[in-house]
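The following pair of complexes shares a single chain, chain A, combined with chain B in the former and chain C in the latter.
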Partner chain A sequence: MRGRPNLYTDYSRESAIFSNNTQKVWFIVVIISAIIFCFLATDYWLLLLTTAFLIAVASWGLNIVSGFAGQINLAHGFFVGIGTYTSAIIGGIATSSVIGYELDMIIWLPLSGIAASIVGLMIAPITVRLKGLNLGLVTLALVFIGSHLFSNFKSVTGGAGLGRKVAKLKLFGVDLESGIQIGTYFLDKNEILYLICLTLCIFTGLGVKNLVRTRAGRAYSAIRDGDIAAEAIGINIFRYKSSAFALSSFFGGISGAMFFTVSGGVEPGTFNLLYSIIFVAIVVIGGAGTVLGPLFGAFFYTLFPAFILIAIKALEISEQSLPLNLGQIERILFGLFIILFLIFEPRGLWGIWFRLRNYFKAWPFSY
Partner chain B sequence: MTIFLQATVEGLSLAAIYSLVAIGFVLIYKSMDVLSFAQPALAVVGAGIISSLAVDRGLPFIPALLLAIVLTGVLSLIIERTFLRPMVGEPVFSVAVLTIGIDILLRTFLDSWIGINPRYLGDPFPNYGTLGSVNVGGINLKYLEIAALVTAIVLITILSIFFKKSKYGVAMRATSFDQEAALAQGINVGRIFGLVWFIAGILAAFSGFFMTGGFNTLSQFSFVKALRALPAVVIGGLDSIPGAVVGSIIIGLTQGYVAYYQFQIEGIVGVSLGNGFSLLAPYLIMFVILIFKPDGLFGTEEVERV
Partner chain C sequence: MNSLNFNDVTLKFGGITALNNVSFEVKPKSLYAIIGPNGAGKTSIFNCVSGIYRPTQGSVTYGDNDIKELRPDQVAELGIARTFQNIELFENMTVLDNILIGAHRHLEYGAISSLFFSKKARKSELEAREIAEEIIDFLEIEQFRYSYILSLPYGVQKRVEIGRALALNPDVLLLDEPAAGMNNEETEDIARFIIDIHEEMGKTVILVDHDMNMVMDIAEEVMVLNFGEKLAEGTPAEIVKDSKVIEAYLGVS
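Entry: the complex of A and B
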């Protein structure tokens, strides 16, 4: 169907990951520019984008359970924490106070995801029975139980206020901490991390996009739109609700493992209520139940503090003259964004992008 | 025995504090189907206003307390008018997340005002007796705790009379029963929503005062205390006011007993439960109760149309 990209003549074409060539081209352009960016940008922006990629991975995870399967989960930060500490045990260095086995990244990265999803499955008997707000409240309890456990298992987490170092960056026996020499080009640690996280982000994104069109993905949206009706047409609610939790925690765990490897250390107090809520907010701001939404949300969340900083520098305001410090300004704007998006643009950033895209599709005509 | 009584008294006074926030939660949930995560923040904001009026501005305590309580109620009313009103009819989850946004806003402003050092509320309770407490038969009774208990009982009585007898109370019950039918009977549902938030704000401010009064002091972490009213509401059932009170008593007593008997419990269970386990116990109880009764002890079971 050359020239008529929106005319689908069979189901497999309509549900393809890239339904037309424009999407394919843009996907490749974005990836190539992301790779080129790696060699041009300063360390500050590299680290910022690396964080954005990882937050996107975790938010995609939450989006599976909250956006696609419609189950409220306020404890995503807890699963991120499980992943982090699994990686810290397996890949971290043992000291007098904490345990660690210094294994390879190829072992700790998948295992951290698997450990998180096992925990997700363990609480499944409870989470499957509940729905709506009650489920949200149970997951809220999970946040507090989690932070209590994290601050009391001192041999794993180092204890509250102290924390520990996390996994070492060692892939296939090659130590990546000090950078590697490829031909004449020297890749330093930040660039390596950026590329690893970019790859992780791309594969997660494609995976989520693919999930939507599989049997499981369709079952999730059926459960979201009406769980009793879904059960009536033969969808195994227990199986799909728990698998949604497991998958979501898997991405959370992996993201946590990488995230704190980038930042170097982790303190149990990190995984508090606000940390979990940030992920919910990212999904809401980005657009719940969409594939691109969490990516937009994650970039928005990571980049807007940087832009506030730029704005403050550009306006030549000294930080001391502000009534609030930078972190507080960030939090206030973040809270405001949550409120404003929910009131004025419930489909989130994805909704804005969707309207823009449709506007320019037919530009300069209105339709 | 004295330890047991001491734990009971402290548990009951905690229950009084929780029940005030919990009733606010339930009122809002019953009338609007909104779970307001902003309630704990409103409680600490109330305490903050008291502290700023009584300590920073030098007002006498009683006028400061009353003024702060009214102001918190008004703030709560403003929140409902500006943020919650456009969200009528939206999914429950969206509104819940919206109230989390409000919570972040309120608490950030409050935290920046509180600063690092905890603040006193300027109340006279620490001056009564020996350091604000009196010893009755080996049990250490704090005046603040007694005041919390008495206030909670008085407020709950007033509220239940208000719901039974007064015109607006009956209108509120009608609204929570069926919004459209209430509208058809000429009840101004919008005004009822406002009133509900106003009452919830007042209750939050009272509990905020009893949480942070005396030597408890107001700090950036005070809100976590108010958040523990949430398990109380869930245990009792989200839409039951008696449930909220019973839930609060369960939560308060558990917290009191665990705080005093943690060592013995650890001996029976055989594992160390860690520091501050009494603060976690409410959430564990909520976890267990929700497994067996997903709608809480007194909540009405949700009937759903497919």
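Entry: the complex of A and C
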């Protein structure tokens, strides 16, 4: 085999996660540098990347239902919310106004995902029967029902405008809030969160890759490309559409639970329509229906504001002299990017990466 | 293997009668052809068999199973596979993936096993790949294995669709105009594949096509439809001589 890394001699090697050594090496390099980054970076960058990991997890979820199974879902934020409040109830601290049981993270993290996927399954009878724009509208309704519930269910969410504290960071009985001492090194809260989220992100990514190369993933794509043909070759549409919603919500729920644990508190108004739409935008910008796309999209979305800030500092423009404030500029540019991607690169950031990779594979020849 | 029966099937869409009291029997391991002018109801018959349409009256049975009660995916589980008149392949996937999807019903593991790529998943994936490779080999589409459907010429797409249906390892194969839009050479290839599928793999084949030369050449039994009604049924030799068929479809020379 040496010297011919691209010559496959059996089927199992060809369908492996990393079908050649280059991919394997890159994967390891990226993970090691991500771990090293944890100990070098400032808290600002750590927090930024932690959120990027979590947004990637949620976007991977949405990508399963929208990218692979091809079902429009404008209510992903709602499922993220379900996960968040499940974790808040199970892992949060009870006060006079909200309930909480202060249980371990090993309990609330999976349960927040499971609760979200159960809600996903509950609405399956409706979502499975609809497609296209009609499905979009139903999920839109779900966002509004969700935000109404969240703002009025005061014993769980704390009520609109007030919010509540979310789950406590306690793993296997060890309180991680104030950091832990490992040998001579002291891991503070931000570093712990970063490592937990990095792990989540890696496992979700591998899971999605596994999904794509096996039976369920192929069934999802078949439903996207032609549901009548998919049914005619024996794919149970009801089962696979609902399992796509359930899986997607599972990742959304887990991501939500961690996300607000990182930020400390959550206000029910967060889970509005815009919040859900952003996930759709991330998937489109990253590249819908690809494995790496949502990861790229999530990093783009979270790091984009930081780079604008750097650019403004580098150009020595004072914030007061700008006609719009930073938030507005971010949103306008982000919107602009969505339009540009839809027109020039429908495959999103993944498409750009794909072309770059192929260019350098053949370098210095042009094809 | 079971025989497929149509018992007085009537199919109506509002005021339009697509099929009117059609009855026929396809015996196991036979090669049955359905011909007729455009709009005669040939594809409607296929849609009734594969559970996409529900007959208004009458019944469709396969062995002891009443197909009227089943969803399309349950019909496929019984071992009835089909192709479509206007190719319905999964366009954003490769030829190999399309054929692997056909093997869906032979893989027995769920979404959770998929996520973790469990041992069971690994084993059945490899088995499915073996099946897929045999079919690719049989249909002579090796060089297109990794091509996306969108980029393939029409004739190859037609073949891939047959391959996808074969991957189900069905007992009954419904082919809806497999030779439509093909030149003579491609039609000959397709005819050869159909004969091989019928004789070597021992499958029941039901064929709809307009290419009279091919149909009369390979079919064992032919049914002629006109405006949703059965006009004649018999061996190709009988059909060619039938005066009603000549008037309605073949034309007088």
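The definition used in the following text is that the second predicted complex is superposed on the first by the 356 of 367 C-alpha atoms of A that agree within 3 Å, B and C clash if a C-alpha of one lies under 4 Å from a C-alpha of the other, contacts with A are read in each partner's own complex, and residues count from 1 in each chain.
Keep this in mind: a contact is a pair of C-beta atoms (placed from the backbone, for glycine too) under 8 Å apart; a residue touches a chain by one contact, two chains touch by 3 or more.
Model, not experiment: these values are computed from the prediction.
J.: After aligning the two structures on chain A, examine chain B and chain C and state clash or fit.
T.: In the arrangement built by aligning on chain A, the partners chain C and chain B fit side by side.
J.: What is the value, to the nearest 10 degrees, of the angle subtended at the Cα centroid of chain A by the Cα centroids of chain B and chain C?
T.: Once the structures are overlaid on A, chain A sees chain B and chain C at 80 degrees.
J.: Give one of first, second, both or neither to describe whether A:I352 is in contact with chain B, with chain C, with both, or with none.
T.: neither
J.: So, A:L195: does it touch chain B (first), chain C (second), both, or neither?
T.: In the superposition, A:L195 contacts neither chain B nor chain C.
J.: Kindly classify A:G132 by the partners it touches after superposition: chain B alone (first), chain C alone (second), both, or neither?
T.: first
J.: Would you check which partner chain A:L309 touches, where first means chain B only, second means chain C only, and both and neither mean what they say?
T.: Neither: A:L309 stays clear of chain B and chain C.
J.: Kindly classify A:N210 by the partners it touches after superposition: chain B alone (first), chain C alone (second), both, or neither?
T.: A:N210 contacts chain C only, not chain B.
J.: Quick check on the superposed pair: does A:G226 touch chain B, chain C, both, or neither? Answer first, second, both or neither.
T.: In the superposition, A:G226 contacts both chain B and chain C.
J.: So in the superposed three-chain picture, is A:N236 touching just chain B, just chain C, both, or none of them (first/second/both/neither)?
T.: A:N236: touches chain C, not chain B.
J.: Identify which of chain B and chain C touches the larger number of residues of chain A.
T.: B
J.: With both complexes overlaid on chain A, what's the closest CA-to-CA approach of chain B to chain C, in Å?
T.: So the smallest C-alpha gap separating chain B from chain C comes to 5 Å.
J.: Which chain A residues are contacted by chain C in one complex and by chain B in the other?
T.: After superposing on chain A, chain A residues 226, 228-229, 232 contact both chain B and chain C.
J.: So in the complex, the part of chain A that touches chain B is made up of which residues?
T.: 66, 72, 125-126, 129-130, 132-134, 136-138, 140-141, 144-145, 148-149, 151-152, 226, 228-229, 232, 273-274, 277, 280-281, 284, 323-325, 328, 331-332, 334-339, 342-343, 346
J.: Per the contact definition, I'd like the list of chain A residues that touch chain C in the complex.
T.: Interface residues on the chain A side: 11-12, 15, 17, 207, 210-211, 213-219, 221-222, 224-226, 228-237, 243, 247, 289.
J.: With touch defined as at the start, can you tell me which chain C residues reach chain A in the complex?
T.: By the definition above, chain C touches chain A via 50, 52, 71-73, 75-77, 81-82, 84, 88-93, 97, 100-102, 104-105, 107, 109-111, 113-117, 121-122, 124-126, 129-130, 133, 164-165, 168.
J.: Write out the stretch or stretches of chain B touching chain A in their complex.
T.: 35, 83, 86-87, 90, 92-98, 100-105, 108-109, 111-112, 227, 230-231, 234, 238, 272, 274-277, 279-280, 283-284, 286-287, 290-291, 294-295, 304, 306
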